[in-house]
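In the two complexes below, chain A is the common chain; its partner is chain B in one and chain C in the other.
Coming up: the complex of A and B.
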């Protein structure tokens, strides 16, 4: 069972630039990623939409592996702000999991 | 300890270490300020002023990072993790990398310092006489921002902005893409009222139509930095300058807005992965030629790490200096 965390969803809802919900799973980003981060935008964002905080924690290596190079973003047909979204997840982990304030 | 939690702790330690260094010393690495300013000796750069050259410490850090990497390679991952943990505890009191500093030889530093010196000379060709903030200049904080260290980054940015304001700076001329991006697009969002004009030296040079003295008339492969190309849209400027310098620019399949990252951004947390990405990019570049030009010190560092001895990697300022100043 995935533990849904309302707080995570709420904190992301406050960020107007966070637009993972625009993703329609086409897979363009995963196909282009030089880090081979197949999981990244599609599934990761789905966990976010579900508020699955535990899964995010398990996937923190992936979240911190992104180069923020924007190759995916430049080619995303839905205009998902992938790197901004990833950075937002990092800030969340840094604050809520690693307690670096 | 299982591998997952061991890796998790390592990541946490590195992040905490970065946050600490930024908080205590205003830098990603705890080095004394004279280490960052020695390149400017004898150049007669004015102290401060409305228009200043802002190095952001990136070129100065390259030789230190290379040395630290070489030292870290000798260590097993567990040992590296223990060192990160130890550093985190003693860091606030002791300058942990003070020992490394003495081992970065003048020879290893000189090439990077010369890049900065050349950039000043190139800017002077346009009639501009930039000032320099010397020890007042601090690292801009790009890495902390990228890693999601919002608290430490925000406090640091506020301090840096205050210093700039106190010194009456109106415009900064940057030398690398990361510093440019963070000042141009991030500071205005996190520091209320930040309105300092930010330009890359490549923009300044490209606008100026400076005259070439010793045209190259040779081919080089050009590697676009992701940040210049996709964050800042600085794509044509380096090409215009290189062409004016007589360089025949060879374009890899992935170039301009489709450029392939050098791997550098994950270096601090996942050095092995950074190297894999650099290798993949290097393959693309050297399929066209053995001489590569980069425009970012991080790209330069990362490609240099995987360079075959028959391949040469140059910083764009070296190539421009040779043509426009008639010296290397």
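Coming up: the complex of A and C.
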């Protein structure tokens, strides 16, 4: 079960450019991803939106495998800033979860 | 008077003549008693054919005509008008349907189709022979209207009717006008408080001398019929009677009230949509607080009391947009408050789609459920945990913490038994009042002069209620601004010398058009022709054959049967 983590939601809300909520699950990004990542952007964003903190930790490999090529972003019909969002997630994982910085 | 009948048979450009030998039909019926002229035409409905028939009526002095063509649904009025132009009473015209009921039905058997057509036309001739000229029933109209319910639909209807110059009596059960709209904090799409909207309308009431508003008043009795109703109103102090030509019912809806425990309802912090409006209306200053606790997360659960399996199967239409719109307002006032919307299908139709997108962009989170996996609300002290299988996350179970749960409750029809009984309102399966035709006659009822408007006819938002109120006003105006109504004369009539006053017909009539009255010392059935629809429930129950429908008299029907069964062809 996914437990919605309010702290994660609050942390992401601080980033005004993070706009995963605009996603309406069409799957264009998934079809275009050259990495064929095990987890697709829309699924990842869904977890992020829900504040599924445990999932995010489990999925850190995927989050760091993204090429940031922006093929998905250029074609997103809802204007989701996918690569920016991925960077925000990386920064969240590094700062808030692994406390490396 | 000797019958002089003209019979005109239509080829319908092959639709009939490909299967029915029209010339053979003409020959067979031309010798029928009373037939003066029998002709065939390629299209009887064409101008040329109509002119020729008119010439025949005039030159040969016809007093009845039979046209064997299509369904009277299509051309009854066409040919009645033609008869009128020829100076013939339109009710001495008989239409025989040899297309839908003969040629099209028997394309596989032409010879039998022709035989059937001959019999049908003979029956038509038999009917025409005994036809009597009829005049429309004339009813003087009272230039006044009763509007039941002073919600947004009723108020708009009243204003429109007043501007047509009619006297308008508006009856409201509650202590104040304005209905539910008055209770709403902010309404889409303008964002204005509902009360403001109502005050504008109330100002319009004050400015017009011909609107009379009766508060805390109910309708207790109705007599009369279209054009001339007498209605008794019971107010807080006294009863009074008003004379009106038509009635507009705009009694609105009752919001669905969840059962105790349904989605946690009953616990402090679980509100219906109406209660949430009341909370917003009281005004929240500074922090978002309910019952002394600060609200950080709000959960909206949609489709509560709508789209259910057995009862309440309808969609309440307005609630998706209302909830999304309130969510949007909430996000603007309290951007830090997180919102979770548990919905089944997002029905922010038409122009309201923008609110859904804006609400998404404001960061509200939408989770989609599908019955039977509906959200489960767990009450944990002052907080709630809502669990749902979220379809947008591939059906994974998600648990959401919330401080306030808003149940997005739908519409239903309120307790209106008295009104339904007094006005004989037609009630549908869902409990809403029934229109005659959902697309083409949306504000009329089966009772002439009785109109329905707004959410009492089915769930509607404010804009739709107003549209429907104005539509009802237009239909009412079109009726009453004619100083005199002309009604179809094909109604029942009582043969007084035969009637024994047994009352069987009175009980059989679904329109209450018949009653027993004393006449020359005996009780006999008496008809209000303005209420009669001529549907004939009274005719077969009469043991004395003392009641019949004009145009369908006993003798006429018997001679039609003779015509149908006549053996030589």
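Methods note: the second predicted complex is superposed on the first by the 100 of 101 C-alpha atoms of A that agree within 3 Å, B and C clash if a C-alpha of one lies under 4 Å from a C-alpha of the other, contacts with A are read in each partner's own complex, and residues count from 1 in each chain.
Keep this in mind: a residue touches a chain if its C-beta (ideal position, glycine included) is under 8 Å from a C-beta of that chain, and two chains touch if they have at least 3 such contacts.
These figures come from a predicted structure and were not determined experimentally.
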Clash-or-fit label for the pair chain B, chain C on chain A: fit
Contacts of A:93 with chain B and chain C, given as first, second, both or neither: first
When both partners are placed on the shared chain, which of chain B and chain C touches more of chain A: B
Chain B versus chain C as contact partner of A:49, first or second or both or neither: second
Partner chain in contact with A:34 - chain B first, chain C second, else both or neither: first
Which of chain B and chain C A:25 touches, first, second, both or neither: second
Contacts of A:13 with chain B and chain C, given as first, second, both or neither: second
Inter-centroid angle chain B-chain A-chain C after superposition on A [Cα, multiple of 10°]: 140
Distance in angstrom between the closest Cα atoms of chain C and chain B, superposition on A: 22
Complex contact set, residues of chain C against chain A: 296-297, 336, 338, 340, 360-361, 363-365, 367, 387, 390, 392-394, 396-401
Residue numbers on chain B that touch chain A, as the complex places them: 7-8, 11-12, 15-16, 19, 145-152, 226, 230-231, 257-261, 263-266, 269-270, 273, 277, 280-281
Chain A residues touching chain C - in the complex, by the definition given at the top: 1-4, 6, 9, 13, 19, 21-22, 24-25, 43, 46-47, 49-50, 52
Chain A - residues contacting chain B, complex: 34-35, 60-61, 64-71, 73-74, 87-95, 98, 100-101
